[in-house]
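Following: one structure in structure tokens, then a few remarks.
Naming follows writing order (A, B, C and D), and every chain is counted from residue 1.
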Amino acid sequence: MKNEVQSIAVLTSGGDAPGMNAAIRAVVRKGIYHGLKVFGIERGYEGLIHGMFREMNLGTVADIVHRGGTMLMTARSQEMLTPEGQKKAAEQLHHRGIDALVVIGGDGSFRGAQTLSVQSIPVIGIPATIDNDIPGTELTIGFDTAVNTVIESVSKIRDTATSHERTFLVEVMGRKSGSIALQAGLACGAESIIVPEIEADLDEVSSKLLRGHQRGKNHSIILVAEGAGSAYKIGEELRLRTGFDTRVTILGHIQRGGNPTALDVVTASEMGACAVDLLRAGKSDQMTARIHQQVIGLPLEVAYGPGKPFNQSLYDLANQLAI
Amino acid sequence: MKNEVQSIAVLTSGGDAPGMNAAIRAVVRKGIYHGLKVFGIERGYEGLIHGMFREMNLGTVADIVHRGGTMLMTARSQEMLTPEGQKKAAEQLHHRGIDALVVIGGDGSFRGAQTLSVQSIPVIGIPATIDNDIPGTELTIGFDTAVNTVIESVSKIRDTATSHERTFLVEVMGRKSGSIALQAGLACGAESIIVPEIEADLDEVSSKLLRGHQRGKNHSIILVAEGAGSAYKIGEELRLRTGFDTRVTILGHIQRGGNPTALDVVTASEMGACAVDLLRAGKSDQMTARIHQQVIGLPLEVAYGPGKPFNQSLYDLANQLAI
Amino acid sequence: MKNEVQSIAVLTSGGDAPGMNAAIRAVVRKGIYHGLKVFGIERGYEGLIHGMFREMNLGTVADIVHRGGTMLMTARSQEMLTPEGQKKAAEQLHHRGIDALVVIGGDGSFRGAQTLSVQSIPVIGIPATIDNDIPGTELTIGFDTAVNTVIESVSKIRDTATSHERTFLVEVMGRKSGSIALQAGLACGAESIIVPEIEADLDEVSSKLLRGHQRGKNHSIILVAEGAGSAYKIGEELRLRTGFDTRVTILGHIQRGGNPTALDVVTASEMGACAVDLLRAGKSDQMTARIHQQVIGLPLEVAYGPGKPFNQSLYDLANQLAI
Amino acid sequence: MKNEVQSIAVLTSGGDAPGMNAAIRAVVRKGIYHGLKVFGIERGYEGLIHGMFREMNLGTVADIVHRGGTMLMTARSQEMLTPEGQKKAAEQLHHRGIDALVVIGGDGSFRGAQTLSVQSIPVIGIPATIDNDIPGTELTIGFDTAVNTVIESVSKIRDTATSHERTFLVEVMGRKSGSIALQAGLACGAESIIVPEIEADLDEVSSKLLRGHQRGKNHSIILVAEGAGSAYKIGEELRLRTGFDTRVTILGHIQRGGNPTALDVVTASEMGACAVDLLRAGKSDQMTARIHQQVIGLPLEVAYGPGKPFNQSLYDLANQLAI
């Protein structure tokens, strides 16, 4: 890693997240700004193994900064989990004279990157997932957009909840993490928020519904992270306890797409640029992390470390404000 | 009905639709403009039977023109289906000296209105339902907003479909009517549109997917009206025929809410005003209808008549443009 | 014009309007569907004269249906106003064996088209302008989007107007036509609407402000079409008459762009397809027009005929509802 | 300040900002949660001096969390700048037995608060201004929403810029601070960003335009903070240097309004709750500040201290990515 990098590649891997395009653009343009050659790899590790490279220039990444999804496409690769696949992947890079790789994705994608690092290819990870569940960084690319998409959707659902005086359970993404449910729930004034990190107390949720009813409030929104249990079951439990009609809406894939928010684009741009700076400084096995309004490099291991602590104080606040 | 109306009431009934508030505002302000007293009835026929009236003034309907839902709330009333309920409802109006009633809702709501008409209460119906399935009017209040909500949502889903090269089936509202699916499908460039009015030819849909694949197009959006069959089953059928991975998203209740579009507000305003004019002219048992850019009164029976013909030529066009 | 067209071209001209891309896509795909060759001409008549042609295929127009602006770009051409320019333009088409031309734009663009028609090139015009000021068609492409953009912007401005209890004058587009001001004004509940077609009665506007003030309403939105006089001067006049602080915001170019609404895309798609059908049927010198929910061909002269009548009844309604 | 507060009041002052309502709601509900009485004061210091108080309860702040503007209204008060006004203001609070005041606004509003503090009324400031120019806090309420509004608007303008191949100068808010211009400019991929903090090098801006032109890029967006000079003059200078047609759009008041983003609502909620906690802990003369993902109390003087340093590295990044 003594020699300066002269040629780098970038790929997106795992689930898509709004802001990935802004990160790609930043890697490409920051690279070109410093005189590097930059290659884009299509379809994640699948494309890496099978040689789907294209050289990127300023124009290739024009007009994508504000678009959702990823222009390089993404995929999940079984082959990259095998030693053979990993070897082929490294060969594709060596053979093209590409010195280093930037991987935009989640922690699974970072593990793939490290199999290349042990084959002497410097790698940098950029955390992009709407779940915001990667330790070490305050923010992952896509989270802010997803939360805003949820509050826009809930705002529409609230029109119906209010008009029909109903209790709506809205299931949002987050298998292991209640981050989206928590932020969006606080932001849209949800009456209750149910997350995987904290055992739901349905008696308490029911009491709150009944208390609201007594003061004349006949509609409620309850946000349920998908990992916290079936929204349908929870709805049924609440119906049994309160006698209120409950409805369930599962927001689903609309949470993954859409034009990224300013915060996601700015973060993605800073992370993309930071990745190039790290490679130019001879670093590897790092991920870009946003900490205290700055983007810096941290060891990739941080991403696999103990999970991000749940923001208990924000959760408590949400409960206090939804009395 | 010789005597001029001096006091009218307005209610919303059935499922809520964006633009109902604009219609309420128009009834109230147009009524006040002509010197009438106007009462709002909360919770539809339920509130009518149980006397939930409030007098409306200019300020009561301030700042609602652009809000989704209905400030008067809505409900489905079992009691209004019984002769006793219908009698109570008429008594509530007679007893308050209210001369006439405007009902904002779908065809079921209009039938309730006619039970009052036979008890000497002039009634006018304003068609409001996102399904646009009421005969006689080109447009029902809420439809344009719902269609735009669908295309915004599909636009987000398309980001993921493109990035992951997947086929997405998006289920939209419409139990008997494919109107939302058709308009939104054409407007968002859906590759196929499946509606209740036309038997889906899954072989043809599959061929189109395969043809697209051959020209290098690996993602598709298929819009499915809920009445056209289970999106999950259709997705599975397509997977079996094509070998492509398919995903399903059910848009659900977000389609009912949201701020109304300009077209829905303008139509609702014209219809609300027309309803007042019809009552002032001594009419009853009419619904307001938008025909040829104008809003006029038509007999309420039109709403129960033969269903709106399916827009076959628009459907054909959508297919031709999605080759 | 006996022989069937086999090869057509399409261009956009004049000011851009949301939905132009959907019209281009419809011309291209409907043409290909019927076995025609379709060429796109970049930069309007300027590109026609200078030979900026590209052959279009299904993929060329993929993923544009919901995007604002025009992928073919547009320009105003001085050269096309000269006989030499017109001759060159016709030669470019003849020389490439292109049989007919579709022009997407306003009435000025249609006049350019007719100079080609007299040189034996069948032409069809598709009316696209946010001003909705072309006679013969109920709707021009872009109008519905522009109106919705205005109401979203006014909705933001109303937050400040309400919070600061101020009177805001919002200037919207429309040099000769008050259509945007009128539709948007009614749709956002503007307190007054000032249009070029009707002499503004500032005494009446002031009285309304003062009446509102007396009932406790201290904020107002007044929509002013740009052709109706300087919003600053009107604001100053109102300030002098009422003593209220007035502010002016000029919405400007944000009204021209943005993703088209469903109505604009559907209309544009129908018009694009209709244009191809008209050419295939041997027609020329026609424009596509939306009348009574259908898109048909009308003589191009209609576009230059007596202006669209101002919708006085909608204007009166807006005034009645804003009492 | 030994005795625990039992009754507090809250007001909004200065320019409105999206998220103010969420802050009010948090002060009210967090206060009630802890058993306090909470009063809302309408129209800022003007209302304080003239006794416009209302007691707030849970329902008073229902359904406002996601709305722009301020339900308490705001005003600029000349009287509060005088010793008499300040005395009256304190008396209004003393006389009602209100123990403490929360002021939501900018640094000018905080100075007003301190005149009450010297009259033995504990005060806490919550920084709310779209300009994000208050030292000590990473974020002020309203900034994130304003930036996102700007990028949505620029996105519409870019449609026209691209279609007409023009250079657009878009003037955004920020008299002394280029924060909005910088964040939004980076987020929307503006070709140049002109801010008050850094002398604009119009030769460099022109060179970039010409370089872009040479690679075939004929449209550009230049963001200009209002304090950086007249966008019209800058546009004219660029036209003279490059020969390109330039257009100017002034975004104006739409930047102040609109529904707040998730980040603004969450920050506002945390700040409102923190203000109540600070008062309960016997603090005064503090402002709530967001630092390192936490909201804490800082001395109010921090707000008047040396200005926030300009984010030079973000500015450099924006330039590098817009090569």
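In the analysis below, a residue touches a chain if its C-beta (ideal position, glycine included) is under 8 Å from a C-beta of that chain, and two chains touch if they have at least 3 such contacts.
On a predicted model such as this, the values are computed, not experimentally measured, just so you know.
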Between chain A and chain C, how many steps is the shortest route if every step has to go to a touching chain?
2
With centres defined as the mean of C-alpha atoms, identify the chain lying farthest from chain D.
B
Could you please state the distance in Å, as a whole number, between where the Cα atoms of chain A are centred and where those of chain D are centred?
28
Interchain centroid distance [CA atoms averaged], chain A/chain B, Å:
36
Per the centroid of Cα atoms for each chain, what is the distance between chain B and chain D, given in Å?
40
Where chain B touches two or more other chains at once, the residues are 155, 162
Chains as vertices, touching pairs as edges: which of line, ring, star, complete or other describes this one?
ring
Each pair of chains that touch: what are they?
A-B, A-D, B-C, C-D
Touching residues on chain B, where the partner in the complex is chain C
25-26, 29-30, 32-33, 58-59, 62-63, 65-66, 138, 144, 147-148, 151, 155, 162, 183-184, 186-189, 215-217, 259, 261-263, 265-266, 269-270, 273, 292-293, 314, 317, 320-323
Tell me, which parts of chain A touch chain B in their complex?
12, 16, 18, 20, 43, 67-70, 73-75, 149, 153, 155-160, 162-165, 168, 247, 249-258
